[in-house]
């Protein structure tokens, strides 16, 4: 079961030609890996995540995620890929005209589940992140940490193959963080989900095996 | 020099009548205090901060900040108050159509400084937060932590009497956090600035005397 | 509440656009009608010493629709009150044959002159009396109205298009973040834009039907007919089936087109 | 680039609005002018057995502007070709006095009838010949044009206002976050809104001057004058000083008003 989920070869990423954020990096992530990415502010962690779900076109090198080659990928294929990924964005990216419940339902709706199934699953996840009582609120009526937990619920809703989490506990107190770590560990353990987490601080009491990539000067190195 | 900067008496705050977020709380903050506010996600920390710069009208009780009574304050007086406060918002609230430099200049422009002074001071602060090289970028071209540091630079730019910081290091790595703590301690030490910080984790290596309020169930209690 | 506002802000500009369009169409019909009636009242009168052959004349001047002999009685009657019987008898005996010439469509001044010249060049014809001066004036006035209404219609068209563009800008501002986020989760094109298409589809139907009903029913009210009579207009030419389907077509086309444009513009710098 | 787009998106609707406004004003002048000319050509002709007193008649019928005796020579000349000299002499001896009555403004049909009745009721007057039928027709046509142009002007006005509203909506969407954040730092009203006011002030001047120059210079071009002549219009009535200041006033008023509205609407649920 040593399937490769992410495979990067000589990856170059940049927002402006000639100013690479990620330089000549190669790495791979296997199915059911639990990966931490750390690095200084502005080192390119979010940029790397962005490239993994295809928001940022590659400048050079090759990148394969969930069997899809991202070098010259079309809109159609990208949509297929994104359906298998759950992303927790650093700035949450909740849809502010939608209720919390509908926000969580988004990936389920895209996957084509019936309305009933969507609602049930959304409620289950809102319960997990302890925010079921906020289901009918709009994102701007929530506290920072509550918004972050909604973003997490949304990313987990459709049981994705791969979860990309950008600083998922940055705005959470210790108790709420604990809840989130348990959720992620649960998905990893029970569903075999591959998990990639950007963080500034790897929790000391995680209690599972993980891999750790460190980003510095645009280069990705595994810490062991 | 035991001047009271913030004085709250039986403070009630709520977004919807009958659902109070802060209940019947009394506390005061003195000049040159260094105050931490902690509490679970959704406990009302940001709400409290909002009331301090007058974004949220009081439901009941009285609140006096920098000598201005916030019970029935007019637009004019509120503007005067806000000129003396520097706020670091949890969601940064940068103006995305403005460059980073102009964002940092905002409180200086409002204070009426000449263009030259504004630019100089803005550059000084950008240097402090190690982002001078990003002066001409727009907020959306920055990483999460970089945006947070811009928000901090902006809050400090006009040497306010009172700094309100909502989770100022949530998105920062250890090194960048250190820089921010040093900045805040510097203002506290050299300028006598009163500082109120919402955080999930009080840094263990702060090395100064601070006061600690804990928010639970809508009530504010001092931890000693 | 928000959703009602959304609908209204689409329906109003669409309604105005369709209304002006239909108004221009109806006006065109009214003017055409008016023109025809006006034209039917007038004809060229010619006097000829010998009988004229209609077919020959038509060959000579293709614009001629009909050549009608005028009974001289009418001509003579015109003078009955002013002339003595003796004079009238003289008149009758010396009178040539009179004809009224009807044309196929209203000529402009130049064409009219040409026709007159051609008629005069026929030897037997002694007199050609073209339209009265007042006719030319009325005709000019009619042209004037048409020019005004055309200019205004062009104006309205331009502003309405601008209005639709502005609405598109608003949609872009309102929906781009949502559509961008939905895209990040792999949402297909139709799902991202379903709301907008549904909105404008409903609204274009409402607007078209509204305008149609307005033009169908309002001209039938007594009050309206009184007003129209007083300014000498017949504004009842709405053709339920033709016009309604035209309105619907235009309405749906414009909205679907502009929504699609908005959605295709939806490209952020990144993917 | 963004800033240019901002300017253009304000200037275009403003330009159209002012253009239509000025067009409507000029059209009104043209129509008035046309109407006056038309009216001056016509008068009521009356025949009276005795001399008529102008002042008395004016007292009776206040609408009368002037009473002009007509030389009978003209009347007789009209029959010169058709009558024998003997008849003409008879005619001349038995002719009553003819007068042309000029009215102060064009009467509608009912007023005209009343005037006719009043004139007839004066014993010495034997004949009253009011305007020809064609005059009534032309007059109706003129009214028709005016009605059309009024309806269209109202349309354009409504759509332009809508356009301004849409622009306001766009401004609200584009600026509310910035102004909200500036407010959080204690920015005074004028500073928050300075950009918008500056933008619209410049743009309203540009638009007004643009429209003014258009109406001032374009009617002077040869090509334009040819076209206008062919449809019988005189479109050169732009009054540089009056109209320009009117345009400027309207332009600045509308934009400042709508920007202020946008800014005052700028209230979030919180303070």
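Note that the chains take the letters A, B, C and D in the order they are written out, and that residue 1 is the start of every chain.
Operating definition for what follows: contacts are C-beta pairs under 8 Å (C-beta built on N, C-alpha and C of every residue); 3 or more make two chains touch, one makes a residue touch a chain.
Being a predicted model, the structure only gives us computed values, none of them experimental.
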Touch-network distance, subunit A to subunit D, counted in steps: 2
Least step count from subunit B to subunit C, where 1 means the two chains touch: 2
Identity of the chain that, by mean CA position, is farthest from subunit A: D
Approximate Å spacing (C-alpha centroids) for the pair subunit A, subunit C: 62
Mean-CA-position distance for subunit B and subunit A (Å): 30
Geometric centre distance via CA averages, subunit D-subunit C, whole Å: 23
Contact graph of the chains (line, ring, star, complete, other): ring
All chain pairs that touch each other: A-B, A-C, B-D, C-D
Complex interface listing, subunit A residues touching subunit C: 50, 53-57, 78-83, 85, 87, 89, 93-98, 106-107, 109-110
Residue ranges of subunit C in contact with subunit A within the complex: 177-178, 181-182, 184-188, 191, 270-271
Subunit D to subunit C touching residues, read off their complex: 9, 12-13, 16, 19-20, 23, 27, 34, 38, 79, 82-84, 87, 132, 134-135, 137-138, 140-145, 147-149, 151-153, 155-156, 158-160, 162-163, 166-167, 169-170, 173-174, 231-233
Complex contact set, residues of subunit B against subunit A: 15, 38-42, 45-47, 90-91, 141-146, 148-149, 166-167, 170-176, 200-201
